[in-house]
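Two complexes are shown next, each including subunit A; its partner changes from subunit B in the first to subunit C in the second.
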Partner chain A sequence: MGSNGKKFDLFNFLYKYGTIIVILAAVLFFSLTLENFMNFSNITNIFRSVSIVALIGLAITMSLTISGFDLSVGAIAGFASVIAAKFMVVWEMGPIPAIIVPLLVGILIGCVNAFFIIKMNIADMLTTLSMMFLLTGISITFQNGSAIYNFMPLPNLGGIAPGTMSKAFLYIGQGKILNIPVPVIIMLVVAILAHLFLNQTKYGRYLYMIGSNEEAAKLSGIPINRYKLIAYMMSGFIAALGGLVLGARLGSGEVNAGAPYLMDAVAAAYIGFSVFGIGKPNAFGTLIGALLMGVLLNGLIMMDFPYYSQDIVKGIVLVLALSLTYYKRKE
Partner chain B sequence: MLKMKGITKTFPGVKALENVDFEVGSGEVHALIGANGAGKSTLMKVLAGAYGGYEGDIFINNRKVTINNPIDAKHNGIVIVYQEVDTALVPHLTVAENIMMDYIIQQKNVFMNWKKIRRFAKQEIEALGLDINVNRLVSGLSLSEKQMVLIGRAFFHKAKYLILDEPTAPLSVEETEKLFEIVRKIKNEGISVIFISHRLDEIFKICEKITVLKDGKNVGTFNTEDLTIDQAVEKMLGRKLENTYPKVEAVAGDTLLEVRDLSGTGGVKNVNIKVRAGEIIGLAGLVGGGKTELCKLLFGEGKITDGKIILEGKNTTPKTPTDAVENGLALVPEERRKEGIFVNETVETNITLPTLKSYCRGIFMNKGKIKKVSCENIKKVGIKTPGEKELVRNLSGGNQQKVAIGKWLLSVAKVFIFDEATKGVDVGSKAEIYELIGGLVKQGKGVIYASCEFSEILGLTDRVYVMYNGTIAKELITKETTEEELLYYSAGGGLNGE
Partner chain C sequence: MRRLTSGLFSIMLVILLVSCFTFATSAKDGDAKIPKAIQGKAIRMALIKEWGTGTHMITHINGARAEAKRYGIDLSVVDANNNLAKMSEAIDNAVTNKMDAILISHGKADALQDAVVRALKAGIPIIVFDNDFDVSYEIHRGKLISLDQYDLMMGLLSQMSLVQELDGEGNVVYNRVANCPPTDKRHRIWEGGILPTYPGIKVVNTIDLGTDNPMPKAQTALETLLTTKSNIDAVYAVWDEYAKGFYNAIVASGKKIPLYSVDISDQDLAMMQEHPEIWRSSAAVDSTIVGQVQIRLGLKAIAGEKLPRYYSLKPVLIRADDLPPKKQKRVTMADLGDYYEGWGYTTDFLDDWMLALEQSLKSKGNKK
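The block that comes next holds the complex of A and B.
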């Protein structure tokens, strides 16, 4: 019995702090073995490298709070980058519409997702899978089949694209404030706002309650459809923002650039469940989840771990984090 | 012939069956009746092998058999059709596949012989005199057709004893007639049917023998022709229960809530009720009588097809539960864990949810105030919990129910609807819940209290509406009525005479 009790305590400890311990251990290990790991530029580099994953992960977190799922976030991000690039490069518009329109489009896509999920009663995963295909298709059509970048050749011998990506726009992805990359600042601001929204406002509480027991939420008088709509709108908005950062960093618009972030973002959000043993989707956890993967990959690459084997690390981290969360739920 | 002798079944803390004898002859249609909790379903589940163990002996044709699981039961020719037919069917397979499910699982061939499966299934369906295309998907069938599919499956198993658990509760009159035809047909094949039902009028139509259970004991087995409906009701109740309800004498004021000709989802038809301030209205009725459906409809859950709900003279017919809450209604639903509470959330989160807006500054929650209000309310409602941050799933059933009630006590609701509020609640908590309800009417609130436990209705309410088949069968003054009368009307008794 004694040993059982001890084991149980250990599990509970890991359940609460396991993810954090792994990060601290990794940081400690890499800083001892790699002399360049702990310097300022490498740390900002890690943060910058996870910023887009974290943003898209925060988008998914919004849909996860209501026990939904938004698979279209990667495609929304890619599409947002394409709209912005086309506005500036092909249609010679300024940075303001190139930022505002993609964000509005992101919200609109969230509305459409919510419509099919709520009114047509299609499973969230399937609705957003369809949306992912649809957006990728629309986007590639909209970009005439290839990426949009400065001075690209236009189709049908149309010469060279007249506009360029505006400097102000590129600043979103490439600029620095007080030596901190702008994407990192955006990521932190969104994470803090999302955290406040989910934990300190009544709306956040309603979202979690819907995710916890939809029927009971409805019979408590919460207008569940309205809040589901809000969750998907926010998901679309944050994903589009992530797409703008992505486009600005690459200096081009390409829908397929957003796609690879989807799975990493899902992983970040689910690793986030396990942070501090919260056991449910949460903004802070998602940020930690993204950072954990970023730290591990950065360190391993610096140790000459082959880049093509990165997914092994992601897979292991994810399954361990999920084990902590779901084994606890089983009890 | 099937014989159960000295069956005792104990659950933690409850003796559900005590030394029950039960006997069914071949080709006999035998009714099993009793009030809720009398042990009818438990006895039949023992027979069907749904529980692991039991004390006592079961004999089939004078040979002792052991039934420890559903497979044992099947080998002995015993098949049960539960009220929840969907649990036994695979919706996206065809009728043929569902009827032949065991054959498909047990056959040795790797390849399916669909022709044979369809032919066999069709034979069963036709033997029952039914007209269902065996190629249809089960998901597209009506409830009554699904029952038929299950009976067809039992038939294919060469079942000798068919148990029907409340088969007619969800059926229309015509569907019930059709089911009875089939019951008569299988009876002629020498199959015995055990029929659990609350509807006494039906039982007297179709059954030859009636066994009455009460509080887990067999009261007696009777030939149907030797018994009247009134006598059956008396036997089900036994002696009158003592009154243990702290009746609060509140003075009834003006009409708070008026329901006019309400019809809607769940088979609710033409319901007219009135609730005055300071009055507890009973909704009495048996399981399947439409109480839960009516409660939900009043609360905006479901579709109202006709009629009005008037609160304090204003038409406030709700479209959604959100409307209902805004209008001043509160519902404590029947399925506590599914609909009433959030088991994985804290007590605090649960009881402050409907009124969360009042503890916010702008959109931000005032967590200090939430905590304070929760602690006060936990004390007031008498929720036994280690603290306000405890997860609700760690509380006992009675305390969970107090959470489900407590979350509305903070609201400004004027009419409270309770649906089976004391189901699965221990005796001590029951009394506390009655006291909470008494406190509400003292404050001039109106209360609608739906229950299938008539002793509760009699002890607690001022007026009673008896529900049968989705509509109000009778309005009674609680003081002037009896349990017999409530049971009589809720079993459809008054319909033939009047």
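The block that comes next holds the complex of A and C.
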């Protein structure tokens, strides 16, 4: 179909640039209709508002590369934010353990997921679904059912909590470097690293090979179990990082705070398939997918649309992006 | 025949003895007579909650537990974890287990209606908080009581607090949560009472992000408005989960925009004390009292007393200015009783016979 170079192929063009065109059209529309849409602080706002969705989306992208699926990422993020808050507020520890321990816990959860998927042969979706429930429950137990925040009264008449969320920790979610919010910098750095890892290294190529044809990858001598383990560990790590940004942005460890990000992150990752017609999970696409939703939500909030209309828009964008990807695959 | 007569005779003797005993004990405990249906009976109640997490709900459970303990009631608490099917199942289980009363908090009426009707038909009283069921008198026989936090009044108190501090004029970012009974009631006051009465109050934006974990979303939404609009004079939160996100957004913006809300938690109080110039006030009912009143109404229903079909608990307007500075004391919900009447303990529906019951249990405990 596309072999005839002279003829302009609309479908191919849409396939490659459809998502980008939608973003540009949305930006153009909002900047013409809303007077403050295009100012610098609103643009940084949009980037900041998508940072958590993008990070959790990148975590899912990692599991998607090996054709797996990690449903526990939202719960990992929520759990990470709660651990960090409890370390600082209740146990009076500094920002360093409050950052390192949740990240290690994220990696560990990735290992546990991989163990059940690889060794027990449970479907990835079911394993990570169980993990999601488990983590949500553990996390609520860990926080005695209530949020963890500065100057909270401790259970059993334990007085007021001695510690506070450290300033250095809050900087992750609220700070700015050269007027650019720190969460945005974290998101961009992780996206670039993930992109380089997936496309420029041997590991990344192996992950994609396993994802496209596990049997062939096995026959060509790739230790597929080890690479699956790597994918889930990275997924857990990035999700936990997203959780730290979430916790630092909220300034507290909220009950079940990671849950609402799961579905948006899944949508971002799948919209990402269609960006530049790549047709497979990729870090850059996930970032664009998250941005696309962020731009639309930002504009709709400014235009005072009710929230269910936002879900309608999200649904339409996702189904369009998926149609582009899967229709192409069918050919 | 002889056997039957002697059997009847012995039964009569037992009844006579028991009633003498009852009379003796109640006479000893003072003039309040503990109703027959309660006296000497092991009472069991079930508290079935749509969700049991968060300060508000934990305080509710603790309030109910403490009140149940006073009267020696065996209270089992079910947290349905936001699962309505589980909630309705828990009601059916309570009927099967022949609980003496069922206390419910929240839930959606449609999902629970059938189970509630089954319980009422089995003669079990239902005391429901923040929800209501459309059941005819023939079925409920006066044993269905709907409590609410007087959401209409909470809406009025919090919204008037906003109007007063703005001197009746200003641009407000308003928040509503549609299709949720308590927030709908609060909204009705705004729409039908406040806006027509004070035309100087203008809504510049309405934020509604549903009931599922709205805090982070509310924060992002208000951040967007604060960076793109310069004319915002006040923010109203119809529910404190939103207020927490709004508070974060206002603090991060560095602006001094006042925030008014409904409901309160320890976390809200900590924020209010941190920035009293931002979070100005919140109208709330102590959820301890909800638990207390539910248990008492349960007892009265078992005793067969006549009860109101609806009851609204009295709300309190908590104002940042009434609280001590944060350096002096960090205030929690448990301390609010020191600043406001009607917080921490109520005498609503507290009868003399309940005190007598409590007293008789105490003296029994001492004898052991």
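By our rule, the second predicted complex is superposed on the first by the 321 of 331 C-alpha atoms of A that agree within 3 Å, B and C clash if a C-alpha of one lies under 4 Å from a C-alpha of the other, contacts with A are read in each partner's own complex, and residues count from 1 in each chain.
Here, contacts are C-beta pairs under 8 Å (C-beta built on N, C-alpha and C of every residue); 3 or more make two chains touch, one makes a residue touch a chain.
Since the model is a prediction, treat every value here as computed from it, not as a measurement.
**Student:** Give one word, clash or fit, describing how subunit B and subunit C relate on subunit A after superposing.
**Tutor:** fit
**Student:** Thinking of the overlay built on chain A, is A:T141 touched by subunit B (first), by subunit C (second), by both, or by neither?
**Tutor:** In the superposition, A:T141 contacts neither subunit B nor subunit C.
**Student:** According to the stated criteria, A:P306 is in contact with first (subunit B), second (subunit C), both, or neither; which is it?
**Tutor:** Once the two structures are laid over each other on A, A:P306 reaches subunit C alone.
**Student:** Counting residues of subunit A in contact, which comes out ahead: subunit B or subunit C?
**Tutor:** More residues of subunit A are touched by C.
**Student:** Check whether A:P260 is in contact with subunit B, with subunit C, with both or with neither, and answer first, second, both or neither.
**Tutor:** Touch partner of A:P260: subunit C, not subunit B.
**Student:** Quick one: classify A:A216 as touching subunit B (first), subunit C (second), both or neither.
**Tutor:** Touch status of A:A216: first partner only.
**Student:** After superposition on the shared chain, which partner residues are touched by A:T33: those of subunit B (first), subunit C (second), both, or neither?
**Tutor:** After superposing on A, A:T33 lies clear of both subunit B and subunit C.
**Student:** Touch test for A:N12: subunit B only (first), subunit C only (second), both, or neither?
**Tutor:** neither
**Student:** Considering only touches as defined above, state whether A:S49 meets subunit B (first), subunit C (second), both or neither.
**Tutor:** A:S49 contacts subunit C only, not subunit B.
**Student:** Between the C-alpha centres of subunit B and subunit C, what angle is subtended at subunit A's, in steps of 10°?
**Tutor:** For this superposition the angle at subunit A equals 120 degrees.
**Student:** Just checking: does A:N150 make contact with subunit B only, subunit C only, both, or neither of them? Give me first, second, both or neither.
**Tutor:** In the superposition, A:N150 contacts subunit C only.
**Student:** Can you work out, in whole Å, how close the C-alpha atoms of subunit B and subunit C get once everything is superposed?
**Tutor:** It comes out at 27 Å between the closest C-alpha atoms.
**Student:** What part of subunit B is in contact with subunit A in the complex they form?
**Tutor:** Subunit B residues touching subunit A: 299, 301, 320-322, 324-326, 331, 333, 338-345, 349, 353-354, 356-357, 360, 363-365, 367, 407.
**Student:** Which stretch or stretches of subunit A touch subunit C in the complex?
**Tutor:** 34, 36-37, 39, 41-42, 45, 48-49, 52, 140, 145-147, 149-153, 160, 174, 246, 249-252, 254-257, 259-260, 298, 301-302, 304, 306-308
**Student:** Touching residues of subunit C toward subunit A in the complex: what are they?
**Tutor:** 52-55, 57-58, 178, 205-210, 212-213, 215-217, 219-221, 223-225, 227-229, 245, 248, 252, 265-267, 270, 273-274, 326, 330, 332, 334
**Student:** Across the complex, what residues on subunit A touch subunit B?
**Tutor:** Residues of subunit A touching subunit B: 200-203, 205-206, 208-209, 212-213, 215-223.
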